[in-house]
Amino acid sequence: MTSSNASTAYLTVACKDQPGIVAAVSGFLFSKNANIIHSDQHSSDPVGGRFFLRMEFHMKDLESKFEDFKKEFSETVAVKFEMIWTLTPAWIKKKTAILVSKFDHALMDLLWRAKRGELFTDITMVISNHPDLREAVESFGVTFHHIPVEKDKKEESEHKILELLNGKVDLIILARYMQILTSKLIESYPYKIINIHHSFLPAFVGADPYRRAGERGVKLIGATAHYVTEELDQGPIIEQDVIRVSHRHDIEELKILGRDIERQVLSRAVKWHLSQRVLVDGNKTVVFV
Amino acid sequence: MTSSNASTAYLTVACKDQPGIVAAVSGFLFSKNANIIHSDQHSSDPVGGRFFLRMEFHMKDLESKFEDFKKEFSETVAVKFEMIWTLTPAWIKKKTAILVSKFDHALMDLLWRAKRGELFTDITMVISNHPDLREAVESFGVTFHHIPVEKDKKEESEHKILELLNGKVDLIILARYMQILTSKLIESYPYKIINIHHSFLPAFVGADPYRRAGERGVKLIGATAHYVTEELDQGPIIEQDVIRVSHRHDIEELKILGRDIERQVLSRAVKWHLSQRVLVDGNKTVVFV
Amino acid sequence: MTSSNASTAYLTVACKDQPGIVAAVSGFLFSKNANIIHSDQHSSDPVGGRFFLRMEFHMKDLESKFEDFKKEFSETVAVKFEMIWTLTPAWIKKKTAILVSKFDHALMDLLWRAKRGELFTDITMVISNHPDLREAVESFGVTFHHIPVEKDKKEESEHKILELLNGKVDLIILARYMQILTSKLIESYPYKIINIHHSFLPAFVGADPYRRAGERGVKLIGATAHYVTEELDQGPIIEQDVIRVSHRHDIEELKILGRDIERQVLSRAVKWHLSQRVLVDGNKTVVFV
Amino acid sequence: MTSSNASTAYLTVACKDQPGIVAAVSGFLFSKNANIIHSDQHSSDPVGGRFFLRMEFHMKDLESKFEDFKKEFSETVAVKFEMIWTLTPAWIKKKTAILVSKFDHALMDLLWRAKRGELFTDITMVISNHPDLREAVESFGVTFHHIPVEKDKKEESEHKILELLNGKVDLIILARYMQILTSKLIESYPYKIINIHHSFLPAFVGADPYRRAGERGVKLIGATAHYVTEELDQGPIIEQDVIRVSHRHDIEELKILGRDIERQVLSRAVKWHLSQRVLVDGNKTVVFV
């Protein structure tokens, strides 16, 4: 924590679009002697749309005044515009849990970037339905939990996972976790679970997508990072990217390239989430980068 | 036509993979004092796969010896390996017809590139089910045919189109032609009809795709050029590309960007087709670029 | 001009960073019942940096109140923060002149996009030191001036150009104009002249860059659009992009690909400039897209 | 080593272009019952150019017949066309040494990809002029040598490095090794030393390039992997790539993105080198991918 970070926070706002929002927010910040460092805003529609705002600001001694600041903003600004809002201190690392199965490419990339400070987060635990990645995870000094998932005891397993997570994490990353989450887990962490999956043009829904994409001769393969919602793989998209392929790539090579693009896309999505850059607008996202 | 082109040809070969194919083809060319300028080959599978070859070669006085060359290659090499093959003179411009409706972005790009020699082809006619683009087309000195398509007289219209095309074109480009072709037309030009359409991850099949992609908050929009086959939009993909978008792009801007990427992808696909770089392998393509 | 555009304007601001700027600007807009549609801001440095702001706002009857609005903003807000600022009506098309030599790819792309409304501008004239492109330009209904540039009469020619431009254009685009401008012309249009040139990694300064890039075997070729300043090709960069190439591309093909990327980069830079998205910060730009 | 790999080899050929080369090579392979899996060729110029060929072929019991095969090819084919050629068994992992200073991003990526089989190589040692990365390297089971380089004892240090390398490595990777190699080391490993460095449009030669690129407001930052030759950073380029940046990225973020693109570009270059896909043509490369 630098002294600079201890006086920086991220404010996000979503509300019905109307005149005066920016004036109210920036007026409030000015009255507190806060200096806006970055600000982004978006209206989903010039007429009758939703308004989205993210501000990053500096304020002397913010840490000690944080709760008062929050209370006053709520009462004097947020209530008036019926805002859905967050205020996040930049000096506190969010706590993250990673769920994973056997593929380690996305997991390793996250552990590595967290270790070198590229992702400002504490990865407090890795949970897997397989024991294989224990050593790799523990070599980073991160706790590894093996929670097997048996077909008819799925709820039992997830109960254990929820107990491990309970109150301890701000973000859950599915880094190729090959189990479908129950509604209970999803509802406990609304827009706080990020999943990564492969993407193609067109999509190949179902089993063995790389083989089918290869058979169809696609010229691009990609990956999509999205928030997890009830509807499988249909949550708000945070980030996507692709890489060119050709007839020269066999299925094995497509998979290797797919892993590369998956870990890049996931790490970008996580990075943006951690600094409150991703706001949800219905089933899509506003990403202020 | 440069004198150099008059002695250059493209040879493409597809057959069952087996030892000796390259030796036979290159031995034949050597026996004719032909010099291979470019050569690409591909085996779809190391064991039991299909073999694909494209060679570009120089041979003195090839134009005058063309028919003899072709006959001899057929009898001494092609028959032996049961090859599906083409031999295309580089000095003859292929004849192209463009079918279009009202959108002109892809059409204009093709006319323009043909005019400046980037596409080595004679665009002999443009056919449209609307009269709107006549002036734009004729300003390039290209013949414009207006063939309206009425709902219950679709076959009649296509009959007229077939008559116009009959024996006069080597390639048909659907540059945003908003009519579904009948089997008869498709079968008359196997792998000689190229279509362009928008692509997203995931795909949005059906009406109003840009609106739906916008609503889903996709971060990439793209385009796919493919050969037209019986199954709608499911023919072998020749080329794909994407462009990044964000929440800042409204539907109208998505469409503008979509048009840009469509015309780039289509013109690349057409260019590769014209120099015989695209070989069909079942429902995919081998593109030698 | 839609009625919507007649009440929309772009406000840009640059000044020393300090608390209260956004509060003052947004407070002023709110007091005028204006609704902010888009807003972007940037501080070049959290401490002691420059502040940049672009707002797009709606205000009823703005057209009729425009001069009053401007005056009041100047006196009550801009003066206080020593702002460098612009207020641009969205309903007035800026007037553009294009200077060109013989290459027509960038020129045609601009004429075409302006015609179809993708670029919101009136291209009022095209000036060339060669007569070749007259017909192409006039077919768009645009005036073409042929101003030859002789080696020892360069100033004379530029004098004629300045007379043609004088008071009639808001933007000058050098669409492959192969003459170096004099200081007089540059100073008359500060940050209002956009140039496009090829770019490579590394750069190949001087003659025949494509040949030299080809000889060096670069794997990417690109283009840079920048504002013209006194120092040749060293003005603030607005946009850059690249395209992959390989040993398979000969010099001629590199040039074709180079033209494609040049026209894309230039048209993006022009589009952003026209909607006041480009702010200059010393020798770099802040581009709000 | 799979049984399949034990019968696969890569043949590369460079010689003066002339008719009959492919016929001779493929005829020889056919006479040995070898089946060509992949083949790529390139002529640097249709007239008077250099010819480049890479073939990947299968041949039963190749391992046991390897030396005989090599001798016979040399005597019956290579000599005749004055070929510069290589024949590389696909079943033997090349031995690689990595030289590194303090930055670990490229090093870690290579170690990791080698471990998971994405790079088919044995990394036999890591040599650094700093002790910092010992633990990270040894955790992969790879030997770490700390060879300090003092200003006036540079030759002494390199003498030690050469002794460590001597006869033990096929490839040397400079994964951000911040020392200039002496001619002696470079000459000992011609086109067997790969370096990675940052790249911009335009280039910023000298100290502190990211700061200067940031000050110039570049919109793309990139990386170049190349073979090391006598002239510093001027050797044949193997691979390049870029990533978009904007005014929103500060110098620190530019460096993080730069590291990402550096490791991707380096790992691609190394992968291609390992499977003999990179042929040198004067000061450029022919890369058959």
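Order as written gives the chain letters A, B, C and D; numbering starts at 1 within each chain.
Keep in mind that, in the parts below, a residue touches a chain if its C-beta (ideal position, glycine included) is under 8 Å from a C-beta of that chain, and two chains touch if they have at least 3 such contacts.
Every value quoted in this text rests on a predicted model; they were computed, and no experiment measured them.
Q: Counting one step for each move to a touching chain, how far apart are chain B and chain D?
A: The least step count works out to 1.
Q: Would you kindly say which chain has the C-alpha centre located farthest from the C-alpha centre of chain B?
A: When every chain centre is compared against chain B, the largest gap points to A.
Q: Report, in whole Å, the distance between the mean C-alpha point of chain B and the mean C-alpha point of chain C.
A: Those two chain centres are 37 Å apart.
Q: I'd like the Å distance between the centres of chain A and chain B, where a centre is the mean of that chain's Cα atoms.
A: It comes to 42 Å between the two C-alpha centres.
Q: Among the residues of chain A, pick out those that touch two or more other chains and give their numbers.
A: Within chain A, residues 38, 42, 248 contact more than one other chain.
Q: Touch graph across the chains, line, ring, star, complete or other?
A: Topology of the interface graph: complete, with all chain pairs in contact.
Q: Given the complex with chain B, which residues does chain C contribute to the contact?
A: That would be residues 38, 105, 108, 112, 116, 118, 139, 248, 256, 260, 264, 289 of chain C.
Q: Where on chain D is chain C touching in the complex?
A: Chain D reaches chain C through residues 42, 44, 199-203, 215-220, 222, 224, 236-237, 239-242, 246-248, 281-287.
Q: Please output the residues of chain D touching chain B within their complex, sorted ascending.
A: 4, 17-23, 26-27, 29-30, 33-43, 46, 58
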